[in-house]
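You will see chain A twice below: alongside chain B first, and alongside chain C after that.
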Partner chain A sequence: MNEARDRMLKEVMALDFMAIELNLYLDTHPYDQRAVMVFVDTARRAKMARENFERMYGPLMASSSNSFPWPWIENPWPWDVQ
Partner chain B sequence: MNPNEVLPAALENKPANVAAEAIDMCKMQFYNPMPIVGAKLTYAYVPFQCLCCLYPPEVGLRQGTIFPELDRPYGADPVYTVDG
Partner chain C sequence: MWVYEKKLEYPVKIKNCNPRLAKYVITQYGGPDGELAASLRYLSQRFSMPIEVAKATLNDIGTEEMAHLEIIGAIVHQLTKDVPPKVLEKEGLGSYFADHDRAVYPVNAAGSPFTAAYIQSKGDPIADLVEDLAAEQKARATYENLINMMDDPDVIDPLRFLREREVVHFQRFGEVLRIVQEKLNEKPYFVKKPDFMNVSPAAANMGPLTGVSPVSNVSPAAISPISNVSPISNVSPAAVSPASMGKPSFVSPAEAEKPAAPFMNPFSGVSPAATGKK
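Here is the complex of A and B:
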């Protein structure tokens, strides 16, 4: 497996996880202004990381496949991932 | 549960601003090691979480939470660990 690809994918996963955690926190703390700011920043960084990854290694979800030929099958299959 | 019931004395001087109130609540509940005031028997009390510092994303993903105050790995407390 490509190490750089793994690292970028891990970054996307970590930022997505952080956004989910802050989402849950904000569900019970909707007036926490600092948390909202951190969430907005995290969501923006997650979006950027995802776009960077997809630009280099292809779509992370079939719904973001927008090129020809169909790029989805170029990703490693689940059994190819170590 | 009505939070006023949990902290009747502490919330008497309630600030108008809700965010400031949350911060005050944080100071009382998270940073203050004092027990919850006016607690009744047979009630369950959960202190209100407050945003302090956060783990960086990679650490959070590894630990399963981005909140250091919630980071209690399985087995940390032998009393609540089946095979601990």
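Here is the complex of A and C:
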């Protein structure tokens, strides 16, 4: 297992999770302006972390696959024992 | 629609196989309070939700439950990968192995296959949301049972994460239920009938019963016929002068939603002095 890859992926996961949690909160608090600002900032950071990861280790989404041969199919898949 | 992301919502890295644990954890994959049931429940119920907040919350929590289903699947997969059939049999997974090898299949802890009878989708937002609140509590309790039986921190860690998510979802559903009830209890009268004050106390008492929801947390003050029209609970019907009664007046929705300020008033001509008391 690749520790550097792991660390970068965890950063993406942590930021994406923050975005999920803020998203659910905002669903029932749509007028919380501060939370909207935190969400926008989190989403921006998550996007940067994702792009950094993908440059190094390949696509996290099929739509960001941009090399040949088709890199989307490559292991590891999320449930694989590593 | 959905788009797949090639990662889990929370990491699962189990170093030691342990089919005994897999046999129990799989109930959160295909059991009555599991993630598949949760996901199908919310994603089905969302179609008949009446307001934006409810549609969004059911949609987004239903989506998150799919990520949880994947986490449970990963745990079961990693706990059973390459375990010899003899060991599986000894650990109580013999019948499972006969039908499914080490594949992940939605069953409960006792091996019964998943059924849609685990969920309901009623077309009644209060009925559905109250079921959702119960579902989150049952799922939380199940995770606690599982955590109490586990002895591997690699398994306990993601289960703790999932348990916490149930608590957050319960909170969000509680907020949605409150907002939906408030919406359903609104009486959007913009023009008063001239005789609207002639409501007998007996009829006033019918208020909460004729409301949409029997479980509304309406305070006694809010039950009076007047406050059904506006939230001014400090104006008693008796104190309103008859002179004000013949004239229909306009109450904007914005006004009707404001809490009882002394003078946002659908009863034109009623002053605080005229009401006699506060």
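Here is the rule we go by: the second predicted complex is superposed on the first by the 74 of 82 C-alpha atoms of A that agree within 3 Å, B and C clash if a C-alpha of one lies under 4 Å from a C-alpha of the other, contacts with A are read in each partner's own complex, and residues count from 1 in each chain.
Criterion: a residue touches a chain if its C-beta (ideal position, glycine included) is under 8 Å from a C-beta of that chain, and two chains touch if they have at least 3 such contacts.
This structure is a prediction, so every number in the text was calculated from the model and none was measured.
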Practice problem: Considering only the touch criterion stated at the top, classify A:Met37 as touching first (chain B), second (chain C), both, or neither. | Solution: neither
Quiz item: With the two structures laid over each other on chain A, which partner does A:Trp77 touch: chain B (first), chain C (second), both, or neither?
Solution: second
Practice problem: Return first, second, both or neither, reflecting whether A:Glu21 touches chain B, chain C, both chains, or no partner chain. | Solution: both
Quiz item: Who does A:Ser63 touch here: chain B (first), chain C (second), both, or neither?
Solution: second
Exercise. May I ask you to decide whether A:Lys10 touches chain B, chain C, both, or neither, giving the answer as first, second, both or neither?
Key: both
Quiz item: Who contacts more of chain A, chain B or chain C?
Solution: C
Quiz item: Once the complexes are superposed, what residues of chain A are shared between the chain B interface and the chain C interface?
Solution: 10, 13, 17, 21, 25, 28-29
Quiz item: Any idea which chain A residues touch chain C in the complex?
Solution: 9-10, 12-13, 16-17, 20-21, 23-25, 27-30, 59-63, 72, 77-79, 81-82
Quiz item: Which of the residues in chain C come into contact with chain A in the complex?
Solution: 3-14, 53, 56-57, 60-61, 64, 70, 73-74, 77-78, 81, 168-169, 172, 175-176, 179
Quiz prompt | Sites on chain A touched by chain B in the complex | solution = 10-11, 13-15, 17-18, 21-22, 25, 28-29, 31-35, 38, 42
Quiz prompt | Residues on chain B engaged by chain A in the complex (per definition of touch) | solution = 18-19, 22, 49-51, 54, 57-58, 60-61, 65-67
